[in-house]
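Two complexes, one shared chain (subunit A), two partners (subunit B, subunit C).
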Partner chain A sequence: MAFETFKKMNLLKFGYDWLNQRVPLEAAIKFATKKEVPVHKHSIWYYMGGICMLFVVLQLVTGLLLMVHYVPSYEGAYQSVMAINNKIPFGWLIRSMHSWGANLFIAILVIHMFSTYFMKAYRSPRELTWFSGLGLIGLAMVFGFTGYLLPMDEMAFFATKVGVDVAGEAPFIGELVANFVRGGEEVGQATMNRFFLIHVCALPAALMGALGLHLLLIQIHGISEPEYFKKLSIKKYEKFFPDFIMNDMFVWGGVTLLFLAIVCLNPWPLGPTIDPSAPAPIGIKPEWYFLSQFQVLKLMPSQFLFFEGAHVAMAIIGAAASTMVLIPFLDTGKNPTISKLATIWGVVFLIALGVLTYMGLQV
Partner chain B sequence: MSYPVWEVPNIGNGWIIGLIAIFHVFISHFAIGGGAFLALTETLAYKKNDDRIYDYIKKHSKFFLLLTTVLGAVSGVGIWWAIGLANPSGASVLIQNFGLFWGAEWTFFAAELATFLAYYYTMGKMDKKNHCVLAWIYFGISFGTLFVINGILTGMLTNGGWLNAQGNIVGTVYDSFFNPAFWPALAIRLFIMFALAGIYALLTASTIKGQDDLKQYLLRYSAKWMLPGLIAGPLFVVWYMFTLPPATQQVIVSGLSSLGEGNFSMMAKVIFLCIVFATGLIGMVIVGPFLNPKGFNTTFALMLLASGFGFMFTEEWSREMMRKPYVIYNYMYSNGLRKNQIAQVNADGFFKSNAWARAEGATLAKEDTVGHGKLMFRYQCMSCHTATGNGYRSMARLLGERDENAIANLITLMKDNHVILSEESKDEKGNTVITTKAKTPYNGYMPPVVGHQDELDALSKYLVTLSKKGMEAGAEKAEAQMATESAPQSTTTKS
Partner chain C sequence: MMMMMATGQEEKIETPPTFDYSAETAGETMSRRLFMGGMIGVFGAVMAAVAAGPLLSYLWPPKSTAIKIDKLVLGKVAEFPAGTSKNFKFGSIPALFIHSPDGSMHAFNATCSHLGCTVQYQQAKNNIYCACHGGTYDPATGNVVAGPPPEGLHKLLASVEAGEIVIRPEKAGAKA
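Take a look at the complex of A and B:
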């Protein structure tokens, strides 16, 4: 019977009908075609979310493939990464994609965050969408930090050591947090266990939750429109499905090409194996996305007025970060002066981030 | 070999040629493929009697005129300027041996420019049918430029019966021109040109305003220009690969087959990337202008153009790398040394054979071995290597931790880099079998180092100053010298 039906229909229609009888495909497509995406001069920024999604998928797939051969032990990790790089077919490519992907994912997330910020997309009713986005950036940074240790090369070992020591400088709970993360006084097998577990279990689960919430909220509230666009008498929209999705696929193609060019021409390096008794290599510094914070810590004198310099630096970092959390409540769109101030603050924040990161890179 | 060296820090002089050439190729290919596009599209407009398509052609041909006759022509001259400085020996061989073809090429080029100017300025003023004929004449002439340059370029790698195994000229220039790779390379270039014509047309079509149906029609029409390359391109690439010299084939096959295990040979990576770009580009054209012309805008067209440039970049780069270590295969190495000169230079000595090195060497003290070694490096290695830092193929990086002995051994090995050993044996049936094998592992990748032993020693001594060990030794020596200089001072103070 099924064969007879198949013969009468074309393959695509058969597949569609088969699926539609089992899942509400028609309803989903109806919903997707009903959804519209505004078309205006800043539309390009709408693709950043899609690019972030692409990197999430790439990170999950390459991460899973790496786990097939990776040995999460203090003694065996380095050797297993070496084997991935030199023996496993296309292991170097998968590892480079994962490492480069982690960095580019954070870079695109930051671009996505600021484009959303400047389009004032954090305003009511999208506050929770904004918070879930901030949460995703936080998760991505922790992903980066925990993943950085896993190859267990010299740089990974000492950068993690320095990073956890810096966290230990935080007032009141710093030492407790540092010891908990390290699993003791020194970076060792216990640290490895914790980082691996956080990286491959806890964080992906949290990411799925935060991402799911983020996407759900976008479906509920629709895509945000810039203020000037809302005031236009004639507005142009395109259907989310299939038009915007097709455009998204096109952009993914371009980004993937650029990504593969970077990966192939600059495969991610693997440093020498660790020697815990050796001094930290000269010029050791955290990954670029922690450099601005690290630079604030470095610029601060050891004592500032009555306070420890590190504590003041952390307070400054915390205060700056909290403005991003509070912005939906401060700039509600009702007061034009506050709206302008929020834009100026965004520019200052972005420049400061760039300058501090650049300074950090120079050392 | 007797020309001065153009020293370009960090990237090396080869990249100056490379960057100008790739930019030029990206435009000049459009000049030819775009010619076919104009001719066919104008024929379409004529048959449909559609003035809107004529309007588009006018707009597109203005873009075409500015891009090809200004940037294309300037960058074409730029290539000659760059090769004249970076590889004068190679330029001189090409001019002296292929003068007839260069003459033909420039005649075609002048005719191409004149025809296009006539085409552009007679648009709307000439009978439509005749104007269409003019478009086809332009394409015919521009194809002539491709035909000639393709013969010269492919002859630089697969020079057919022009040379014998020793690198002596035994054939005519026609043997080199109509070489085994001529036809497949011509077809491949045509496919690339058609694809590029489509990509550039997508850019101009994406800017059409207020005529959505025409825009979408032209976008889909332009996207279809990728089809010939998609369908027949891979077949001609396979044919082309079979025409390459066996040593080049071996380098490609061994590079690609060990790519999976992390063989970071640049050629393998670039070929891999070239395949990735070609596939990605086709995918992007399908999901973009072909399936979704409504959503296709100028930003996307620019993305396609950038991806097209990425493809051209990797394609041209890998084609150039296939010729290494030669600039003209089996005839002249990339440093200007002719294959049939090796024995003579080894007998006479490098400085005696190279007028410029000899003149510069005369300004140095005889005992300045490092200075003489530096000159050897400049004239024999700098066409492909930079000296210090993180420059392109930097010797400091490549030598790494090698000490003086290791470097001297490497130089000795490199001296026999051109030697092919042959061994006679009998097979099971008693027939004589001759197997050949390169004497060194660098054969096929680098030219031999030439000169007397004392000159090679000088080169080793200079290279030691670049290596990490040499730098450390130099630093220790400097520290020791500073300590000795400061020691008497402190003694004097005490006394």
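Take a look at the complex of A and C:
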């Protein structure tokens, strides 16, 4: 480009044109301004996915920062986390943000999942959006499980031991899977290596893939509208760009402030170090999002009809989870009775989760 | 080709002449295209299978060397007055020694039969307790008293020899 022409343009326009000649920028902006978000009394739930995205970014950034000082070794991990908590300037803040963030992320994911469930957003053509979402919440839980071990304090060690042992109880391949995950017969350095690489490498890559698909599908389908809204004669919409995005930013700002307040007022604790020959500590518990499953295992008697209680418990958990996979095929929206049943099942599911988790919190 | 792209010159790509496969293969049971597709699929599957073996064996944990022992001296009797207990490792097995309030001594493989947590002795309640899901065992026999465990604890032998507590597998050489 001749320098004279360059001088005549302002820099912003130059940049815009330069990009636009290489990627379809204009088309993207046109798409964003044409996209509309329905405005109704349940619109607030449309912000939950955006909050999930905020937490993805927060977790990636704080996780990256933690890795600067964290040492993934059986012997040294506890010391390094202790140092992050006590010695390294603002280490406590980064660690608390990451640990709190992990928990709040899952909480928001559950809210996002059930709000899309009750809005029936899983119906055609959004089945794949729903499945990619299930994949994302699954990934988030594996993130949580693998991350929980990394500080190597007492609870971390025993919760991992118990969690993997539960997998070992699954019929036929359980023990193989458990050994594979542990990298041996006991939780040790091999387990740390595996958990660490899964947590910081494999899962983030998988998350990016699944999230990319999720967001792409949402662009393809546009946001869903509740049934009652579709029937309205006068429907209100707002533009995705700039209106909805603007609101999104306010939500992100507000959530970040709230988040920082929680983190600063309740820094994440570090338990005592481990003694591998010690018994499982009294009051041992997994993270709260595994408590409902944990409680089913606890409530089941040793024998149930002809089966071992633990196997029955696992079958119940598996069956309940698979209803979430099957729901787009069961409730397609054509049958009002099934639609009502799906809503009722969602409520039952949510209440059961809540009650079991509450029971699990009581020692 | 690469150089031409670098200089920005457009090159018209010639499209190969298309065949009318249906006409050419009329009367045959399998089209050439289907056959090629199938072959590529089979080839891919074979390659994946060939790669899976080495990959899995690379990821597979090495055989752990379980340490088996026939005898362990836990310590002097005086260190464990009646009503106390100790969790320890018997080789690679988590184990539990109990000196009951009534004076008898017992030792168990401390692996809970439910989901494998390590159990502990609760002095106040004189029972063996598993903190994971609340399994409770009898401290003398190891039998299940309450909770989800399907069977009792495996026993070890605890005896006093020359003022020291000695732990052995229940039957010499048997797996505890």
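Operating definition for what follows: the second predicted complex is superposed on the first by the 339 of 363 C-alpha atoms of A that agree within 3 Å, B and C clash if a C-alpha of one lies under 4 Å from a C-alpha of the other, contacts with A are read in each partner's own complex, and residues count from 1 in each chain.
Definition applied: contacts are C-beta pairs under 8 Å (C-beta built on N, C-alpha and C of every residue); 3 or more make two chains touch, one makes a residue touch a chain.
Computed from a predicted model, the values in this text were never measured in an experiment.
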item	value
Touching partner for A:F145 - first (subunit B), second (subunit C), both, neither	neither
Partner chain in contact with A:N85 - subunit B first, subunit C second, else both or neither	first
Which of subunit B and subunit C A:Q303 touches, first, second, both or neither	second
First, second, both or neither for A:Y122, with subunit B first and subunit C second	neither
First (subunit B), second (subunit C), both or neither touched by A:L257	first
First (subunit B), second (subunit C), both or neither touched by A:F55	neither
Which of subunit B and subunit C A:F105 touches, first, second, both or neither	neither
Touching both subunit B and subunit C, residues of subunit A	none
Complex contacts: residues of subunit C adjacent to subunit A	59-62, 64, 66, 87-89, 92, 94, 96, 110, 114-120, 129-134, 144, 147-150
Sites on subunit A touched by subunit B in the complex	44, 85-92, 238, 242-244, 246-247, 249-251, 253-254, 256-258, 260-261, 264-265, 267
Subunit C contact footprint on subunit A (complex, rising order)	158, 161-162, 165-166, 168-169, 179-180, 182-186, 190, 276-284, 294, 297-298, 300-303, 308-310
Partner subunit A, residues of subunit B touching it in the complex	259-262, 264, 269, 272-273, 276-277, 280-281, 283-284, 287-288, 291-292, 294-296, 299-300, 303-304, 306-307, 310
